[in-house]
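Dropping the structure in here first, questions after.
Chain nomenclature is as follows: A, B, C and D, assigned in order of appearance, with residue numbering initiated at 1 for each chain independently.
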Amino acid sequence: MSVLLHRDTRVVVQGITGHQGSFHAQQMIAYGTRVVAGVSPSKAGTTHLSVPVYASVREAVERDGAEAAIVFVPAAMARDAAFEAVAAGVRLLVMIPEHLPVLDTMAIHTFCRLRGVTLVGPNTFGLITPGESKLGIMPSHIYRPGPVGIIARSGTLSYEIAASLSDAGLGQSSVVGMGGDPVVGQTFTDLLPLMEADPQTEAVVLVGEIGGSAEERAAELVRTMTKPVVAYLAGKSAPEGKRMGHAGAIIERGRGTLESKRAALEAAGARVCEMPWEISAAVRSALG
Amino acid sequence: MSVLLHRDTRVVVQGITGHQGSFHAQQMIAYGTRVVAGVSPSKAGTTHLSVPVYASVREAVERDGAEAAIVFVPAAMARDAAFEAVAAGVRLLVMIPEHLPVLDTMAIHTFCRLRGVTLVGPNTFGLITPGESKLGIMPSHIYRPGPVGIIARSGTLSYEIAASLSDAGLGQSSVVGMGGDPVVGQTFTDLLPLMEADPQTEAVVLVGEIGGSAEERAAELVRTMTKPVVAYLAGKSAPEGKRMGHAGAIIERGRGTLESKRAALEAAGARVCEMPWEISAAVRSALG
Amino acid sequence: MKLYEYLAKGVLREAGVPVPPGRVCQTPAEAAEAAAEIGPVAVKAQVLVGGRGKAGGIGFADTPEAARAEARRILGMDLKGYRVEKVYVEGKLATDRELYVSVTVDRVARELVVMASAHGGVEIEDVDEKFLVRRHVPILWNGEGYLLREVARGIGLEAPWAAQFQDILARLIGVFRQRDAELVEINPLVITGDEVIAADARLNIDDSAVDRHPELERVEEGTELERRVREIGLAYVELDGDIAVMANGAGMAMATLDAIAHFGGRPANFLDAGGGASVEPTAQALDVLVGMRPRVIFINIFGGITRCDDVARAILTVRETRGIPVPLVVRLVGTNEAEGVALLRAAGIEAYRDMAEAARRTVEESRKGRDR
Amino acid sequence: MKLYEYLAKGVLREAGVPVPPGRVCQTPAEAAEAAAEIGPVAVKAQVLVGGRGKAGGIGFADTPEAARAEARRILGMDLKGYRVEKVYVEGKLATDRELYVSVTVDRVARELVVMASAHGGVEIEDVDEKFLVRRHVPILWNGEGYLLREVARGIGLEAPWAAQFQDILARLIGVFRQRDAELVEINPLVITGDEVIAADARLNIDDSAVDRHPELERVEEGTELERRVREIGLAYVELDGDIAVMANGAGMAMATLDAIAHFGGRPANFLDAGGGASVEPTAQALDVLVGMRPRVIFINIFGGITRCDDVARAILTVRETRGIPVPLVVRLVGTNEAEGVALLRAAGIEAYRDMAEAARRTVEESRKGRDR
């Protein structure tokens, strides 16, 4: 089992003939992801990486039964691509692009809600069900199937942690990237219940950071969960009012501090690690 | 049992001090509806019909736990009133006004969907759970509690039919007015499953009319239902291209004809009566 | 509210949709002048019904004199019951291909829907479904290109027309939303050389939204009687029978017509006196019916909010003031039924309780009338 | 992108929000001229930080001469690290009451949220929650009055101010949406007599949306170094320590700072070299770090998409071209780790595998540097 993404999930890659799209589509196919089609209006009718390239997502849905779309187009075209995928009827939409205007993300999010589509991202590394399928830009080799679910705001930091878990013999059930933007489709609060319900998952690692209140909200849920939650929160040394790489990683007017997040999670019973390299031992001990 | 409306449903009346709002609020209270508050910005702070009058729906929700709102304001203010009720957190919204621009109704409908609110109307007579509560402008005395669910596009015609059922000893479980507009919140398709699931309901009467394809859509569901469905469809003599009183009752370019609706419902196993006075016998015979 | 072609095209032109140059004219002389300015023209009857072309309502003219002659022929002609008062004199288009495109409301999806076809120039109901492309316009749609591309591709358009078509489609959706339309239709949308241009246009405005569009010219529709009754605030449709009908509520009024037809009668009108009508409007409505000089008048009331005694009073008022010189059949049940029935009986009018019986009796009376 | 007050007010004025008359001035003479035109004025330092008033960045002047003096005092002053280059000379308001109102994004609800308070004039973080009214703006909100009324009532406004406040609020939401803002704030929104008017204004534009707003004047923010690094396309924040840091990915870069602090060191910067950076930008980034003249440079790479051999090559390039005159600690794991480590080792640089060990070593090196 796993959340959101399975070995049979049929995927269409939007922007498959672009530099980034092509590279990652190839990586996904190599990992076992069932990529059934790509979209690239200017290359419609050709074949790329052995899959058909269409002018629209609709064709991929109608002809090849695509259920999930992953978007690799420039930020300026991302809203159009997202609306296209949702209107065409996919159930899962992964938005890789960074630098989407927040109002665009809000519109995409709302359209997804109206059509019952699960939005992951934007500005996410995607999600992976180790050993089954990946839908994103994460390095494939660091993951192992196993009992730990990971939900992360940050890509590379989650890779660091996933790799350390794998090294410690702790594989992963599902790893989902929330995305580094202030407004994203799936947050801890949306994903924790899926992890709680997933029979394969035995413990959950949250990789949070400064900015917003996603971790404080998560704490409310952690309180009710039966599975142990271990967290690492980045940005303790970040000054107020500065964006730390992610558009969403900013302490504004005293809100979004690490202290607030740590306190909420600890009060809810999560184990909050001081440093990323402490995670695997904490998970090991939580699993008993 | 009943659908959507129960004796305990806490109701706020928007426009309670207006001519129509005041009259019908009084009728509702007399029927037993749990009217907990009214809204009328210019009369805020007063008491009307023994309930508090507020400036906003939010106050009625926060102070008196209102869960349902019924709107009696002029069409030009209806969108504002509807948005107010939905934003304030009611779960059921009944829109009595006629002559709402269709684009306004579409916006209200979408906002309701996003917030999980059940919209009835606009241009509806409302809904009633005989013997428990009414939320609308229907005459109270014609209904009796019983086994027949009624879903109607038209008010007075449904009164005629409800009265004839009551006269024949066939009471009603729930009577819901879809509304006479082209776009409405609840259609046959939304309501039939509720009737099917309601243990009190043993048979369903559909009161349809020309225009649109709500009856054809309903037929698809009728096919799957375990409870008998009896229908009367008005407008057999209506000419093409003319609005017959309801904004939604119009045959446009060959679409929305009675023949199409009758054929679909009959093919799905519904009994379609030729004249309204045949309904009660048909229901009696359907109930066996 | 339906707009005349020339008004619809004015709105489209303002919205940036390419339309040919044109002028609305009320006399042959004006038409000649317009043609002198424009060059070869089409002279088109301005009426609110489709199928003008087949009915002879469109002519072509290469010279001002020919335009004058065409205008003379068309102005004043009767097109499907409508007298032509104006013609639109418009630059003639060299047509390579005719497309169809429209925006309307999908009641089921509660969204706007775009329909398009590569086979334009005929009425949409005659276009085979398989040549029609349908795409919903999400309420959150704000110009995203996917929708426009899908429609253009769906009807097989390529460069250089696809981009123009997409631009036009986006503008049509904009017009629909900004003007509270219920139909925006361009048929045909013409390809002429490298250009895409609207040869004909329909723009119907949502009646419920007309009041918030003071910028739109008002167009009166329907017969004079229909307009007069609507001004009282009642829903009224003229039919071609001899039984005048009044009922309360749209559904009841439709069912009343159906009941009359059921017994072999022919209704003269649809009239919804309102679900909660009081004495005054009911009397006004009845007054209209009397003025129609039908063979019989049938009043069918289920008193819910409407009170039967109010209806009875309205009937008696009209009888006393202007008189009711034709047979009157009244069916009266519901709220305050006893009072209403008593009032009528005191005045010598017998009311029915049963709708079927009343309708049957009405039809019998109409036959008697015919025999007289 | 934060706009200066005078730019923010220009946008608000254009949107129909009442603001006092004002002129932006770069010299005392201009300020005197502006005051001569306007009358009694406030002379306000134009800087992108809050709390100007307390820091002496605002003065008042009843005469042109006084305005000149105030401008002379304020221009060139240092306000929280920013040199004042411009003052805004603006009509002085007689203030009866000070309100607060803002529009921002609620990340959790994924909606805009309005905040308002009857206790304006102080920083919003200092306003007690119980005096704050918060209302979400649904994405489908299109001017519906309920929202405006609820906010006005929530802060206790009555006629004649309530209607003006509601109008202003609607316009602020409009500005937010039309300009892709991330914050629109008026603090204080002043009541003076019967009027409601914006005395101060903040307008921050979503950095991701600035490109689609060519109509807005560009405002550069941050230190010179920050601007220069951002121009390379990298996320960079200047800090006050002595350890220069580079990592790939925002989360890794933050965690790297935290690790340094954990071992008692003080990072000099945040630098995210990107999640999939190649040789060239990595070399550019390293070049910047060398130029900062830190005590140590710490490079912390988890090679996912980033290839360790690329990072090694970037390091060697910089060392060969401009030289790296300070101790360098490299932690390198992940994709192509072996090649990367071998390349560095061949050049005499030992790479760490373990982040903790590398961070500890970095901090030790920085202490050594201090002892030197």
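Rule of thumb we're sticking to: a contact is a pair of C-beta atoms (placed from the backbone, for glycine too) under 8 Å apart; a residue touches a chain by one contact, two chains touch by 3 or more.
The shown structure was predicted, so the numbers you read here are calculated from the model rather than taken from an experiment.
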Chain whose average C-alpha position is farthest from chain C's own: D
Which of A-C and B-C has more C-beta contact pairs: B-C
Centroid distance [mean C-alpha coordinates] between chain D and chain C, Å: 58
Between chain A and chain D, centroid-to-centroid distance (C-alpha), Å: 27
Computed distance of Cα centres, chain C from chain A, in Å: 53
Sequence positions of chain C contacting 2 or more other chains: 139-140
For chain B, residues that touch 2 or more chains besides their own: 107, 110, 114
Partner chain A, residues of chain B touching it in the complex: 110, 113-114
Chain A partner contacts - residues on chain D that touch it in the complex: 105, 107-108, 110-111, 123-125, 139, 177, 180, 182, 206-209, 211-212, 235, 237, 239, 247-255, 257-262, 267, 270, 272, 275-276, 302-306, 333-335, 354-356
Residues of chain B that touch chain C when the two form their complex: 75-76, 99-107, 109-110, 125, 137-139, 141-142, 152-160, 163, 180, 182-183, 187, 207, 209-210, 212-214, 217, 232, 234-239, 242-249, 253-255, 274-277
Residues on chain B engaged by chain D in the complex (per definition of touch): 41, 55-58, 79-81, 83-84, 87, 107, 110-111, 114
Complex interface listing, chain D residues touching chain B: 135-136, 138, 140-142, 144-147, 149-150, 153
